[in-house]
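Same chain, two partners: chain A is paired with chain B first, then with chain C.
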Partner chain A sequence: MSSDSCATSGTANETASSAPEPEIGPTRRSLLWLKSQLLVKTRREAKDLLLKILFAITTLIVILPFFLIVIQLAVTGLSGLTLDLFTTFPGASLTGGIRNAIVGTILLVLVAGGVGIPLSVLGAVYISEYSPPGRIRSTVEFASDVLAGIPSIVFGAFGFAFIVVFLNVGMGLVSGGLTLAFMMMPTVLRTTQEALRQVPVSLREASFALGATKWTTTWRVTIRAAFPGIVTGVLLAIGRVMGETAPLIFTSGNSLTTPTSILGPASWVASLPFTIWAYVSDPRPYLQVKAQSTALALLVMVLAVDVVANYISRKVTRRLV
Partner chain B sequence: MMTARTHQIEVYDLSTWFGPKAVLKNITCHFSDNAVTAIMGPSGCGKSTFLRTINRLNDMIGNFRMKGKILLEGEDIYGPQANVYELRRKIGMVFQRPNPFPMSIRDNVKYGPRLHGVKDDNELDPIVEKSLKRAALWDEVKDGLDEPAPNLSGGQQQRLCIARALSVDPPVLLMDEPVSSLDPISAQKIENLIVELKKDYTIIMVTHNVQQAFRVSDQAAFLYLGELIEFDKTRRIAEAPADERTEAFITGRIG
Partner chain C sequence: MQDAVGKFVLLVPAFAGSALIILILTFLWYEATPIFLAPQGGPSIVIQPIWDPNRDLYGIALFILGSFICTFLAIAMAVPLGIGAAVFLSEFCPPRIRTSLRMIVEMMAAIPSIVYGLWAYIVMVPWIKNSFAPAVQSNPLTAWMPWFQGSTNGLSVLAGGTILAIMLLPTVVAVSDDALRSVPSSYREASLALGATKTETAVKIVVSAAIPGIGAAIVLSLGRAVGETMAVLMVTGNSLQIPFTLLDPAYVMTSIITNQLGYAFVFPLWRSALFAVAFVLLMMSVSFTVIAKWFVKWGMKTRGLV
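Here is the complex of A and B:
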């Protein structure tokens, strides 16, 4: 503003010019931005703006449940989240902690992973590296896609009828773990297959052109290059089966301690989701709180697995590819 | 009865098919030792197929068939006694796009020798250094041999791929349009490198770039629709192509 206009326009104007125009505070700047966003000049712009708002609200609704769950669990369950909860076994009238369930879930995931991961990874390697494209490949792909969509309670019923009764394994760690392994297989198979498919043919050819055999190429180049994708798929599958209740209801049994044998009633095993289900179904108020705390613990464990999956895939991807 | 060997790579009456489609038709030629032979031709004329037939990389493709003979040092590479792994050790290959393995620079070069039984690091390290020097990459990477190879620039990656191919000491080197995906400066470097390498290696290079073929090669082959139209000294073809299709190609009328 020129000095000339200052002289003629009195005090009000002088105070206005004493705040220099280019320096706008962050609040004012965002208000200005908002104003520019809301500035409607024509009908078409109004329509555009309305749709934009609609999409924003939709996104908000979609992500809302996640935050609601976290908030709800934190509000109702955080008070019960003490060190004792993790370190002690349930006592009389189910007071005490959930150590049985935490250890049980870890054991079940170990059995499921130990059986399910190698089988499905090797199967995926065979399908995508060895089998010619055609009948076998599409049959396996179709079967595993269907398998991935089967409701978990069906796996539970199958695990009971086939493993517990027909194979006469009985309820416990082995039956529960194997049932979870069945659930993991389609996910791990398909993600591994996808990861192998992403590896460029030219990498395999470079290996062959140096005189490598099929197996050396597959092991040292293809699987290696696909490794981040495979790990991600494996961890996502683990995260998924960690939270499954239905496959375990008829197969794993339940227990107030950790299993002491591989088979038989002493191998019955508790798990976090099963415990949540049992406690929520119980009318005693302190078990309601404990159910929420257990749910929170399970949520944190699943999130941790997902975070690790993300970290590994990003870290290894950067290092290798 | 075979005549005494005159060339490392000799091709007699080679025809190939993918399923019912004939790709190469009755090709006979001898590639000069310690020289660069450029295989030129328009897209789809069978250049890459020809190259990949020489190291049997097409075997992997289900419906590939071939007839005729390719001799490496006098032995039929498709013969019943042929060892495909040993054959591929003797015939190195560099691809159109740089395709380093997702591992360190050092491990990329070690990969080949390890396949063929060299396990000791005391033997492997000199091979790494020698191969990278031969590929004119050593000075740029010697302080970061354990860096991931995919972090290198495109031109460096391609030279690493050349070093990787040289690591198993192949007498013959196949190159499938080795600079077509690179920037001009990297391409120039690799062209110079190819001229340098021909002192010790028999190089067969596919290209659709006529000027590059003329700059780099000693011999040139012109393939058109699967037929070998012309095969002679590059200078002769450049000055006076014998066939009008060759002339049409090198003057840019077909391409």
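Here is the complex of A and C:
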């Protein structure tokens, strides 16, 4: 099989170099490709073809749930996805919109990002710029890998026992945001570290040669060059914590309006995932539908963040390579 | 001068992660000690199956068993499918299709677990109740099978395992695909030059060279499966019984914490038992991470890839 394809490609190259071939359209080219793939002479080739088809079918099965989920949510949820849903607060017996949840999610992400992003970016700067490869670096890397593997409900239980009760902060925006910040840290740290690693050494050396200190080089040169990569990591982490429910159940409380203070019962805050859970646990049928509209809104937000992050990272890798 | 100060200042955030892990460990341990020291509890709660806080029975073995069964089901479904898809993506797929397939896989990884759970609750659970269970129980080919017995309302181990498998697939596919692609192409060329077909090369050469990465993918997804909360909570039925068939409901470790921590907080022993469950979960996830790292290191060494 392989020798056949080698031979045909060789002759194709020769004819192409001797005389310009007539243009082959993309449809015809893919048909030819398909024909060459389906050409079977021996049992081994038949087995080869069968396994290839099997692997292709497996891939289709793997991506199928994505479409099933999107279609299901779109079919049932799209009708409820009106402007009113985003702009009104929930009214009597939970009719009305989910503005409380959208504002709440944004506030929680802001608090989480405000604490989590500086901590993890600075940590990554320390281990990749200031510490030599060795024990310190591997300790920090190991810690963030372990942190990334801890189940979200364990973060929730820890946040409840430590921040809410032991530190006596109480449920609300601060406790929920801090718990989410803990969950953000490993993602941001590892992606920032990767982004810093991809900055060429020559950039740093050029800065040193001009007489800059390490501090200046790090902040004015290295971080600037790694900035798109860092933004990618931050966006990925935000997309991840936006959809977390379990850490928030015991830390953020719930509310039908937006929080009016930083601490205390007035700071209790709703979030999109928690609202979905509350609505779907409710037997009233219109809330089941609203849960799907809310899930669709959350899905669109998370996927949008994810796509932007991937777009930035692809663009940057292309430029660096 | 500025450098020295800078270095010192950055030391704090660098160790924030380590400090946080130590804090979580000590705090969960501190919260879990009362049940381990109390006469009603003791370390043997890990193997006692009866959970009834009203009678001071705090056995958590049922939840550990439930988690294990769901995880095992999920891994048994997700690993073969995920590796198959990864082989297709890295070995046979035309590059243009590959980019969009990878993008879909990454999007699947980004879908929040509550959305998966909602979908499973609305679509999969009724499907198991109304179509799957009657079909397998009336079909003489499958009706005798002990794992398809019993009546079901759809909320079952099967639903939990399947939605978990769907949630694990993106991780398995992405990590295995990276592992397969990091195998040097000279290996493939050598195998093809010896006359092996493309699938023979893929299955026998590339997959076996990428075993450490694939193993790490499996162990990492084990950790995710044990710790997954919302989706499993919504579809496994949360019933205090041992699941004997695939259609029986179960209660997993993450669900019992989510469901009862709120009420249990004023009862010291009950609360402490829930934190013991959290501690067991934490230990499991930490050991899975360590095993995955060790696996990659071992594989790199034995395969001379370092």
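We take it that the second predicted complex is superposed on the first by the 272 of 321 C-alpha atoms of A that agree within 3 Å, B and C clash if a C-alpha of one lies under 4 Å from a C-alpha of the other, contacts with A are read in each partner's own complex, and residues count from 1 in each chain.
Everything below uses one rule, namely that contacts are C-beta pairs under 8 Å (C-beta built on N, C-alpha and C of every residue); 3 or more make two chains touch, one makes a residue touch a chain.
Keep in mind the model is a prediction, meaning the values are calculated, not measured.
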Simultaneous placement of chain C and chain B on chain A, clash or fit: fit
Partner chain(s) touched by A:Pro118 [first = chain B, second = chain C, both, neither]: second
Partner with the higher number of touched chain A residues, chain C or chain B: C
Partner chain(s) touched by A:Arg28 [first = chain B, second = chain C, both, neither]: neither
Partner chain(s) touched by A:Gly211 [first = chain B, second = chain C, both, neither]: first
Touched partner set for A:Arg220, first chain B, second chain C, both or neither: first
First (chain B), second (chain C), both or neither touched by A:Pro200: first
Which superposed partner A:Leu303 touches (first chain B, second chain C, both, neither): second
Minimum C-alpha spacing, chains overlaid - chain B and chain C, in Å: 13
Interface residues of chain A shared between complexes with chain B and chain C: 213
Residues of chain C defined as touching chain A within the complex: 2-3, 6-7, 9-11, 13-18, 20-21, 23-24, 27-28, 31, 80-82, 84-85, 87-89, 91-93, 101, 103-108, 110-116, 118-119, 121-123, 166, 169, 173, 192, 195-200, 203, 220, 223-224, 226-230, 234, 254, 257-258, 261-262, 265, 274-275, 278, 281-282, 285-286, 288-290, 293
Chain B contact footprint on chain A (complex, rising order): 132, 200, 202-203, 205-213, 216, 220-221, 224-225, 319-321
Complex contact set, residues of chain A against chain C: 1-3, 44-45, 47-48, 51-52, 54-56, 58-59, 61-63, 65-66, 68-69, 72-73, 76, 118-123, 125-127, 130-131, 136, 139-140, 142-158, 160-162, 165-166, 182, 185-186, 189, 213-215, 218, 239-240, 242-246, 249-250, 273, 276-277, 280, 288, 291-292, 295, 298-299, 302-303, 305-307, 310
Chain A-touching residues of chain B, taken from the complex the two chains share: 55, 57, 60, 62, 85-89, 92-93, 95, 97, 99, 101-103, 111-112, 115-116, 148, 150, 161, 164-165, 167-168
